[in-house]
Amino acid sequence: MKPTQAILAEILDEVRPLIGQGKVADYIPALARVSNQKLAIAVYTNEGEVIKAGDAEEAFSVQSISKALSLTLAMVLYKPEEIWQRVGKEPSGQAFNSMIQLEMEHGIPRNPFINAGAIVVADLLQSRLSAPRHRLLEFVRQLSGDTHIVYDKIVAASEMMHSDRNAAIAYLMRSFGNFENDVIPVLNNYFHACALKMTCVDLAKTFSYLANKGVSVQTKKEIITPVQTKQLNALLATCGLYDGAGEFAYRVGMPGKSGVGGGIIAIVPGEMTIAVWSPELDPSGNSLAGTKALELLSERIGRSIF
Amino acid sequence: MKPTQAILAEILDEVRPLIGQGKVADYIPALARVSNQKLAIAVYTNEGEVIKAGDAEEAFSVQSISKALSLTLAMVLYKPEEIWQRVGKEPSGQAFNSMIQLEMEHGIPRNPFINAGAIVVADLLQSRLSAPRHRLLEFVRQLSGDTHIVYDKIVAASEMMHSDRNAAIAYLMRSFGNFENDVIPVLNNYFHACALKMTCVDLAKTFSYLANKGVSVQTKKEIITPVQTKQLNALLATCGLYDGAGEFAYRVGMPGKSGVGGGIIAIVPGEMTIAVWSPELDPSGNSLAGTKALELLSERIGRSIF
Amino acid sequence: MKPTQAILAEILDEVRPLIGQGKVADYIPALARVSNQKLAIAVYTNEGEVIKAGDAEEAFSVQSISKALSLTLAMVLYKPEEIWQRVGKEPSGQAFNSMIQLEMEHGIPRNPFINAGAIVVADLLQSRLSAPRHRLLEFVRQLSGDTHIVYDKIVAASEMMHSDRNAAIAYLMRSFGNFENDVIPVLNNYFHACALKMTCVDLAKTFSYLANKGVSVQTKKEIITPVQTKQLNALLATCGLYDGAGEFAYRVGMPGKSGVGGGIIAIVPGEMTIAVWSPELDPSGNSLAGTKALELLSERIGRSIF
Amino acid sequence: MKPTQAILAEILDEVRPLIGQGKVADYIPALARVSNQKLAIAVYTNEGEVIKAGDAEEAFSVQSISKALSLTLAMVLYKPEEIWQRVGKEPSGQAFNSMIQLEMEHGIPRNPFINAGAIVVADLLQSRLSAPRHRLLEFVRQLSGDTHIVYDKIVAASEMMHSDRNAAIAYLMRSFGNFENDVIPVLNNYFHACALKMTCVDLAKTFSYLANKGVSVQTKKEIITPVQTKQLNALLATCGLYDGAGEFAYRVGMPGKSGVGGGIIAIVPGEMTIAVWSPELDPSGNSLAGTKALELLSERIGRSIF
C-alpha cells in the first residue's frame, strides 16, 4: 500500500498520546524551549511526490541528522580508504559520547555517527574544503530546493559553550594522531552542522538520494554512486540510531538517522524517504513518538528492508 | 539478474585465491583438522530452486549459525516480552565472548547471537522443552528435508571440554538472576546445537522461512509470523556477524549469521536464502572467503536490502 | 603513649554514635541477623599483653580477614614466583568482586585480597595440602591459643548457596589456565575460611606475627621470615581494604585487612596487633565504626607507619 | 644500621648492571637525549646530614615528583574537604593517564598523583595563587637551600607541544564541572612544575618535611602539620608509583614518588629522605635501577615502614 495524507494523519493521531512519556533535550536552552507538542511527518517518494501531516513545514534543529550529510560530503571528497582508516564502520555498543571506547581503540571512533566519528568527518571536511560551513549549507539548499534553510546561530553558539566533552574527544583523537586541524574551528563547524534548521519536508527531499541509488529526486543529479548509497544505508541501519539501532531495526526496519532535536529520517530504498519530528526523546536519545510513527508507517504500508 | 550455477562457480573461482589469508578455528581439534580448501555456495530461491557450486553437499559444523535456529524456536515457544526482558536487541560492540559488558549490564546479554545471549536462549528452551536437543534436530531435518542431519558428537564433547568461559558466563548470569536451570545440561545442549553438521544446501533450505515471510519454502508451513520474520532479520542484520556486523552490512548488505566452522547464511527477503562455506576466518571470526563470495554475489545479481 | 584499657573503652564510647550510619552485610541471613550494636576492640602487644574493650571475647564471622591467613599459608608452602605469577600485587581500583579487570588482565587477579585472588590462593592450597580446611583451622587455633575456634557451618553453607559469582570468577580464571582444581571443592574451602568464627582477642593474637617480624608472640614460633612479613604488610597496606585502601591509609595509617562481618585487623610493626569489630559497613564494605576506632587509636597513641 | 657513603656507592655498583634493561622516556626529545648511564643516590637525614653517591649533584627533570610538591602547596592553601571533593585518595589500578576511569567516575580523578589528579591540583593552585609557577619555584629553592633551581624551559615547551592527551583530560573534567580555569594556562603551569630541574641532593632536602612530621630539616619551618604529613605519606605509599605502587611497597616498603625523568624520592618517617636517579624506566614508568637501589638500601639499613 502507498502512503497517503490520510494514513500519515492517522498515524500522528495514534502516536500523539505518547507525548509526555519522553524528555525534550535540555542540555542547551535553545533546544529545551521547543514545544513538546510538535509532531510532524513527511514522505517524499521517488516519483517526487510530497505527502505530509502535522508540523511538516516547521523548521527544527536537525542535530545529528546532519552527520549523514557531512559523511556524504566526505564520501564525495575522499577515497574510501582515506575515510575508513580514520573511522570504523561498526556499532559502538556504547553511549554516543563515550570516551572509553575511543581510548581503548586508540583514537579511532567506531563509526561516523557517534560524536567522535562525526568530529573526525568534520576534520576531514576542514582539511579539504575552504569553507565547509558554506558548502554544507549550499548542499542542503540544493538538495531540498529550499533556499531559506539557515544555521541557527543561537544553537551553534550555545553548543559551543557546552563543548567541553567534544573538545576532550577531539584532543584525545589528536593525541592518537587522528586529528589534523585546530580543535576549535572544527568543533565550530561541527556545531553549525548540528544547528541546521530544516523542516520534515526539507529533510525528506534532501535525503532522497539514499532511496534512489544516489540520485537526488529533487535535482536529478547523482550525489553518490549506487554502491556508495548501499554502503551509507548499511551504516545508517547498523549505527544510525545511537544505542538504539537494534531496536529501531527490529521495530521499524529501515535505515535511519536521528537527532536530539527530535527528528528522524528513514529510507525505503527504491521507494521513498521519510522524515518525522517529535521533540521528546527516549532513553537512547531518539524521538519517542517519531520512532513509533515510523513503526506504524512500516506496518501500515508493509514496507521495510527485511 | 538471477543467480545461476555459472555465476556461483565463477564467484568461487574468484574468491579461492583468498584461501591462505585467514585462519581455521583451532580451539578444538575437530574444527582444526577441517581442510582449509573447502569452498561452497548454495542458493535456495523462494520458488524452491536449488543452485549450488563447490562443496555444497558436504556437511560441516554450523556452530553459531545454530543460534538463529534456537532463537526461532524460542520465538515460537515464548511471548516476545518473555524473551526480550532476558536478552537485548542491540549490537554488542565487543568481542563475541566478552564478560565485561555482561557484568556492566547486570547479566542481561546484549543480543541473542553473542555467546551469553545464546546461552540464555538455551536456558529458555531447557525450561519449556522436555528434550530440546531432540526437538532442534527434528526441526532442522524437517526444514531442510534432509533426514540424515546429525550432531557431531566429537565436536560437542570437545566443546564441552573447553567450556570454562561459557560456564563463567552462565554462572555470572545466574548471579544476576538471569539463568533458570542447571548450568551443565544447558551448556551441553548449547554445544550440541553448535555441533550440528549440515551442508550449504541444508542450510539454505532450512532458513528459507526468513526469505519468505516466515513460511518454509521446503515444507510450506508457517514457522514464524511475517512480523517475527522481519524482527529476526533485523536482529541478524545488526547483530549476526559478531564484531563485523557493520562491515558485513556495508559490503554484503543482507541479514546474515556466521559460525566459526566457516559457514554463513544470508537472506534476500522475498527472493532467496544463501549459504556459503569456507573454513578460514577473518579476525572478527567470520569466514573470509565466504564473506567475499556473498559480497560478489550481491554485486553480480544486484541484490541487497539497501 | 601506650594503649590502655581506659583508652580503648573511651574510643568505643566515641565511635558508638556512628552505629546506625552503616549497613550490616545482608547477602546471607547468617550475617544479616548479627546485632548492629556489637562493638569491640582488642590490642595484643609484642610483649604478649592483651588489652581489650567491648565485645572483644565474642566470636564473629571473620570473612575476608581469613584471606591474609590463607596467603600466609601459601607463602609458607610455595616459592614467591609460584604465587606471584598467578596473582598480582597491585591495588585493583575496582569493586572487590569485579570480573571486568579479571578478563582484561587474562585471568590474573590483581592481588590476593580481592575475591578472584583469594580463590587462586585457595586453589594453590588445594593443590598442595591434603586437607586445607583442617590445616587452616589448626593454624588459627595454634596462633590464637584458642582451641574452641570453629567454622560456622551455616555461614559456609549459605555462602555456597550464593556462590554463582565466585563460580563465574573461578571458571573465568580456568578458561585462562589459571586454575588447577575442580571449582566446587575449592570454593567450598574458600567459603569455610570466610566462615571462621573468631573473637577480636583471637584475631589480635593470631596475627601477632605480622607485628613481630614473622614470629608469633603467642607461640614464639617463626611463621614467616622478616622479609615475608614486610611483604605481607605491604600488600595489606596497599590492597587490604577493598576500594578503601587509600582512605584507610590516609586516616589510620596501618596495614590492615577487613571482612564484611565487620572485623578489621591492623598492624603496628614492632609494637602491636589490633582487632576491631562493628558489623555495620561503609560503602566500600569496611566496618564503619571499626575504621573510626582505629583512626582514633592511631591519633591517641601516636602510632602509624607514616 | 645507618646509611654511609660506602653503602650508597656499593648499592650503585650493584644496580649499575641493570642499565640497558629499561627504557629512557622518549616522548619528548629533551628527555630522550638524557644519558642512560646517569646514576645517583642521596640521603638527607633528619639530623641534616647529606650522604650521597654517583651523579647526586647533577640536575635532572623531576617530572611527576613535582606532583607531591604541588599537592603540599594545595594542602597549605585549602581546607581538606575543598581538595578531596575534587580528587580521590584511592589507587587507580589503571595506567597513569587513562581516561576511562575518569569518565566512569564522572570527572573526579582517583588520586592527586595520576595526571588527571595533578591537573586538578594545578587548577586549585591557579585559582588561589597569583603566580603559581613563581610560588612553586620559590618553595623548592627555600626547601632545598639551592637558589639555582630553575624550570627547564625547553622541557616545558616540549611537553606543551605534546599536551593533547592532558588537554583531553582537562576538558573532560571541565565537562563534569571539575575544572575552574582556562585549560591552557593551567596545563602550562602543570608542565612547568614537571620541568623543574633538581639534583638528588636538592630533592632529598626538599622533601625532608615528609620524614620529619612536617618540619623542613633544612629551614626548620613547619610546612604542613604532623597529621597532614601522615596523610601525604599515606597517599604516596598507596598511589605514588603509578601502576607499580603495590610492587614498590612490597619490595621497598617506603612512601615514594617517581617521575619519568627517572627520579624517585622515598621517605623513612622519623629518619631520612632519599632520592635516587637512573633514567631508564620499567614498564610501569618507574626508574628501574632506582627502584632496585631503594630496595637494596631498605634491606641494607633494615628500614621500611612495615
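Each chain carries a letter (A, B, C and D) given by its place in the written order, and its residues are counted from 1.
What we mean here is this: a residue touches a chain if its C-beta (ideal position, glycine included) is under 8 Å from a C-beta of that chain, and two chains touch if they have at least 3 such contacts.
Computed from a prediction, not measured in an experiment: that's the story for all the values here.
By mean C-alpha coordinates, which chain is most distant from subunit D?
B
Determine the centre-to-centre distance between subunit B and subunit D, using the mean Cα coordinates as centres, and give it in whole Å.
Centres of subunit B and subunit D (C-alpha means) sit 55 Å apart.
Taking each chain's centre as the mean of its CA atoms, how far is subunit A from subunit B in angstrom?
The computed centroid separation for subunit A versus subunit B comes out at 32 Å.
Centroid from C-alpha atoms only, then distance subunit B to subunit C, rounded to Å. What do you get?
48
Throw together a list of every chain pair that touches.
The set of touching chain pairs is A-B, A-D, B-C, C-D.
Under the touch definition given earlier, write down the residues of subunit A that touch subunit B in their complex.
So the residues of subunit A touching subunit B come out as 88-94, 101, 110-111, 229-231, 233-235, 237-239, 243-247, 249-250, 253, 255, 269, 299, 304-306.
Using the touch definition up top, name the residues of subunit D that touch subunit A in the complex.
Against subunit A, the touching part of subunit D is residues 98-100, 103-104, 164-165, 167-172, 174-175.
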